[in-house]
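Labels run A, B, C and D following the written order; every chain starts at residue 1.
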Amino acid sequence: MRYSVTIADRTVQVDLSGNRVLVEGRPVAAELHTVPGTPLRQLAEPGHTTTFAMTRTADGWRLLHRGEVWDAEVVDERTRQLREMTGGSSGTGGRHVVTAPMPGLVLRVEVEPGAEIEAGRGLVVLEAMKMENELTSPVAGAVTAVHVSPGDAVDKGTPLVEVSGEP
Amino acid sequence: MRYSVTIADRTVQVDLSGNRVLVEGRPVAAELHTVPGTPLRQLAEPGHTTTFAMTRTADGWRLLHRGEVWDAEVVDERTRQLREMTGGSSGTGGRHVVTAPMPGLVLRVEVEPGAEIEAGRGLVVLEAMKMENELTSPVAGAVTAVHVSPGDAVDKGTPLVEVSGEP
Amino acid sequence: MAECPSAIVKRVLIANRGEIACRIIRACHEEDLEAVAVYSEADRQSPHVHLADTAVEIGPAPSKESYLVAEKIIGAARDAGADAIHPGYGFLAERAHFAQLVEQNGLTFIGPPATAIRAMGEKTEARRRMEAAGVPIIPGSGEAVASADDAHAVAQQVGYPIMLKAAAGGGGKGMRRVDGRSDLDSAFRAATSEATTAFGDGAVYVEKLLDRPRHVEIQILADRFGNTLHVGERECSVQRRHQKLIEEAPSPAVNVDLRLAMGEAAVRAAAAVGYLSAGTVEFLLAPGDVFYFLEMNTRLQVEHPVTELVYGVDIVREQLRIAAGEPTTLPGRPMRPRGHAIECRITSEDPFNKFLPATGHISFVRTPSGPGVRWDGGIEAGNDVGVYYDPLLAKVIAWGETRDRAIRRMRRALDELVIVGVPTSQPFHRRVMDDAAFGSGDYDIGYLETHGERLLETRLDDGALERAAVAAALAEHEARGATCGVARNGPAQDGSAWLRAARLHGLR
Amino acid sequence: MAECPSAIVKRVLIANRGEIACRIIRACHEEDLEAVAVYSEADRQSPHVHLADTAVEIGPAPSKESYLVAEKIIGAARDAGADAIHPGYGFLAERAHFAQLVEQNGLTFIGPPATAIRAMGEKTEARRRMEAAGVPIIPGSGEAVASADDAHAVAQQVGYPIMLKAAAGGGGKGMRRVDGRSDLDSAFRAATSEATTAFGDGAVYVEKLLDRPRHVEIQILADRFGNTLHVGERECSVQRRHQKLIEEAPSPAVNVDLRLAMGEAAVRAAAAVGYLSAGTVEFLLAPGDVFYFLEMNTRLQVEHPVTELVYGVDIVREQLRIAAGEPTTLPGRPMRPRGHAIECRITSEDPFNKFLPATGHISFVRTPSGPGVRWDGGIEAGNDVGVYYDPLLAKVIAWGETRDRAIRRMRRALDELVIVGVPTSQPFHRRVMDDAAFGSGDYDIGYLETHGERLLETRLDDGALERAAVAAALAEHEARGATCGVARNGPAQDGSAWLRAARLHGLR
């Protein structure tokens, strides 16, 4: 099986067909060992051993290593090809729904439907864990919907504002 | 269900019929809560909370609490009655097989078949973890069999010596 | 007050949760005192409940219905037969009314007298008292201002920029920086609104904003025998929105003379309000060794461990002794710090997402340990992190012979720490330990503003990227194979293909 | 030797496993050195492998085929590009041949010169040297005795009881107490046989046995700049079969004057063999402050952390510095201890079954933490404890302002510690912390013999019995219900019976 692994917008091809490991076509002597009953996994390569704590995410794996954290999207070749054919992409165009990252209370709504905004523009201020947290737009574009009002209590994942990204 | 729980040769009757807890017939307001994914369990009683680490053993539970360790044999009423009828007991009579408590090397055998011995008499000296460990007889009685010789490598559980206990 | 009869303290209720409840329970056990925990419905399985000798449920998860209800705490103390209450920090710790209620119910409050809490809690009143006691204060309005215009009038005297601050507050809530008249109206409204929400009192006052000062605070201990002692300073300038993130002792900016001067000022501040128990006098330290009184925290401080490590004292133990009418064990003369200590607050906040608080189920924890590392934790595997409380999960504290050694040790400890299940501030701390600006010791309260963006850039060199990608691919491959339960490379002809596959994937 | 060129040390191979390998890897990382672990087939998943920057497999589980094979260690160092080797304790640490081999291969040995190891390793030779250097030695044969008769002749001069000791040995192996002529033959045979097995050399010598002395040892550090310094004493009298179980610093039996006298004797001992790096001179301390040289351990000691905590030094860091040709960071003058530290060795030995070594799979570990507690561990959940190595799993070290405080803190730490899966020595230690004889500080190497039986009696008061029984019954009830998957109390008529049952049994 061949996998495309994307971490921080950089993609690496890993081919695991036939009990070898090829990274971008280059053979690598790597083994992964698990500590039973824990998320700890040890990647052993000649001259280097790396221990990760690894957990599954919706689209791959989260890796913790020496205080750093990386989210790896792992896509097998077939799925990637399907995606390419159907034109799915992760660009900045299209509809973006900003949802509540945690349960909280809406304190302020800082945009109105129709507003043209820059990426990073504040959308909603949410109070959670006694702190005010401003949620911002991931993209530049137009506000197409505002779903909440000040005083609303929202659960994690509640859609707050929709932004139509510039293509 | 009613249970006989024996710890360190003392037995307590615990009756859990009908969602109540009776200890020796006395009602007790006790609840047991588990920390998910851990062996930690919390016994909550009015005015007292006790946290145990608990694991199953062959005949009940091992409980760890503040540096102490207790092995609890838990027998339900039916099993206990059956045992009483069939005369099963845990006395010192009968055949006792002394087995190797860990893998090791037999250094010396200190008894011969037929010997009359006291409880605590040394039987076999086993080398394990670089230490010499003398295994002793749990009961007074007669040595009925010696299964090993000096120089034998033995696994955990290997029968070493059999002693017929005084009734 | 030496004639004051000793209170009997045998069973202490800790009116708190999380790491500080664990810290206080440990101190109780080391003093042969029984510890009573309280817990909300969300906290039944929290570590503080496990460590205590008994635990009392005090209501639903929201603090307003549990940890903040003074009557429930008092009731729990009575039910559990406690004779004293330690409030920890936050929650009811700085509510004078609560301290009073505890004493009225015949229980011992492990903290300062209600009068001292009240005197320091009302910020403009505290300013006046400090001024009278000869403690340097920041130029400002001295009392609450009624409007933005009034604030502007004061600002014209002391000069912009200014700071608006909640008169009833503390902990960074109800505070706003104002750079000029044009910002003032909105800032005044925001500060008043936040102060009303947080403290039930919207009054705000004006202080001159110092240009990038350092936040340096002095630990105080006062007993009933007339000893009011200072126990060195803590440097707390690494902050985000006035919330401390990293603290250290001693401060890289404080020498022996300055320590003595600040210590003596702090003692005057504490003595001026008849202080007892542990407390902290916060100062802003400006260039030229000029320092100004900021506020006094009339309670145990989150960052107390760094002081404990360099002075070899146990501040919670001192609190327990003082509450029981015993003298402090500290020498009367100024103590000398040994080595250096740093604390990193591990919170359930995602540094790569503007430190947004996060929730989750903690499935695995590997705590750092070994030489010079202290873990003051409030979580264990199996716990849920919810939305109801402060996001502080645990504190990592490192001691070293020098500041450089303490930083290296903290770096090593943060390398070891693993928390699975919720994003934490750990990566931020780890990067600060590598940062030259922090390493130099020459930083101020603008540290995060100046360096935060750079510190939190994506960091992934080619080698790390490749290793992480290979690990993720192998894990995915294994997970898919294990799910299907069939050989992935065609039918096995003999055992060896299986063996190789098993070896490759770390199956046992 | 100050003209000796500095060795380049960038990448250190640790020729050990378990807690001491972890301890040394941590020190390397704190000094910006890379750490190379070695592991046998049994240790692939051990914590020291996870902590290191790279790890090299060196063979099958038995140490004779892995950790004890000098050539494999050297080969691993070459393969991994290491430039220095730290031997830890045990295994190859005190093999002069190994130290020599390391240097011959162009690598730096982090420890004393082979000549010093050899001089101290041959016990009768060491005795002669110590005598010449003015270090007090125990009266005895001075050299190996050829037979039981020869041993008897010496015994008649110095008086029974005597001790037979392996000339090549240490660590309690090949040692036998002899109370009179009648015991001598069998003891001589046993000691000779054990010495042959352990050291490949059956030579034994005779020493007068002191009446219940204390075991007190002095920590030494020596660098290439002519500094040979003593860093206080450790009290190690709680032993079982000459294996230390509990150590503390300072010793309750040592005052400032005695500390200086013993320290200076230890420095003479080290200097007499041209010592470098960290080492320990062990003494027997008899009433009246009389002390005798016992042996010198030419390596890092298991119990080094108690010294680190009271003197604020990092002994492994000093070893790394000294090996790299740097001077020690310690002051030349005698240092003063601050507070008190105690170490308990947590081993996989069952104290209720004659401390028999036990094996098992560790499924859960809760490490103690909080103020004043250090955990130097070599195990984590998921590890197997096998038969191949020393049973030491981890060390709990507690620091307190006074000895009494350190004991209370250790008690608290042992209350927190949970290891599930293998019996450990934890209950023994926990009980010692409550023991008045230990608490008084007035104990000697007969402590365990005198108090062991009493300490290890079954302890279970009525309340604890009842609570444990109820917990076991409820857990059993729940487990049976979960296994059967049916309601235990007849068919549920509505949801509430299930709810009650769930609440009762702690299901979520």
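As a working rule, contacts are C-beta pairs under 8 Å (C-beta built on N, C-alpha and C of every residue); 3 or more make two chains touch, one makes a residue touch a chain.
Predicted model, so just to flag it, every value in this text is computed and none were measured.
A.B. asks: Pick the pair with more C-beta contacts: B-C or B-D?
C.D. replies: Most C-beta pairs in contact, of the two: B-D.
A.B. asks: Round to the nearest whole Å and give the separation of the Cα centres of chain A and chain D.
C.D. replies: Inter-chain centre distance comes to 48 Å.
A.B. asks: Using mean CA coordinates as chain centres, what's the chain B-chain D distance in Å?
C.D. replies: Chain B and chain D have C-alpha centres separated by 30 Å.
A.B. asks: Averaging over Cα atoms per chain, report the distance between chain A and chain B in Å.
C.D. replies: 53
A.B. asks: Indicate the residues of chain D shared as contacts by at least two other chains.
C.D. replies: In chain D, the residues touching two or more other chains are 51, 363, 366, 380, 415.
A.B. asks: At which residue positions does chain A touch at least two other chains?
C.D. replies: Residues 33, 36, 38, 40, 42, 48 of chain A each touch two or more of the other chains.
A.B. asks: Between which chains does touch occur?
C.D. replies: The complete list of chain pairs in contact reads A-C, A-D, B-C, B-D, C-D.
A.B. asks: Along chain B, where are the residues that touch chain C in the complex?
C.D. replies: So the residues of chain B touching chain C come out as 33, 35-38, 40, 42, 44, 47-49, 51.
A.B. asks: Which residues of chain D touch chain C in their complex?
C.D. replies: Contact set of chain D toward chain C: 22-23, 26-27, 29-32, 51, 305, 308, 312-314, 316, 329, 338-339, 366-367, 369-377, 380, 401, 405, 408-409, 411-412, 415-416.
A.B. asks: Provide the residue numbers of chain D that touch chain A in the complex, in ascending order.
C.D. replies: 37, 44-45, 49-55, 79-81, 363, 380-383
A.B. asks: Under the stated contact criterion, what part of chain D meets chain B in this complex?
C.D. replies: The contact residues of chain D facing chain B are 173, 194, 198, 241, 352-354, 356-359, 363-364, 366, 387-391, 414-415, 417-421, 423, 426-427, 429-431, 458-460, 464-480, 488-489, 497, 500-501, 503-508.
A.B. asks: Spell out the part of chain B that touches chain D in their complex, as residue ranges.
C.D. replies: Touching chain D: residues 1, 3, 5, 7-10, 12, 14, 16-19, 21, 23, 28, 30-34, 36, 38-43, 45, 48, 50, 52-56, 60-61, 63-70, 72, 74, 101-104, 128-134, 136, 156 of chain B.
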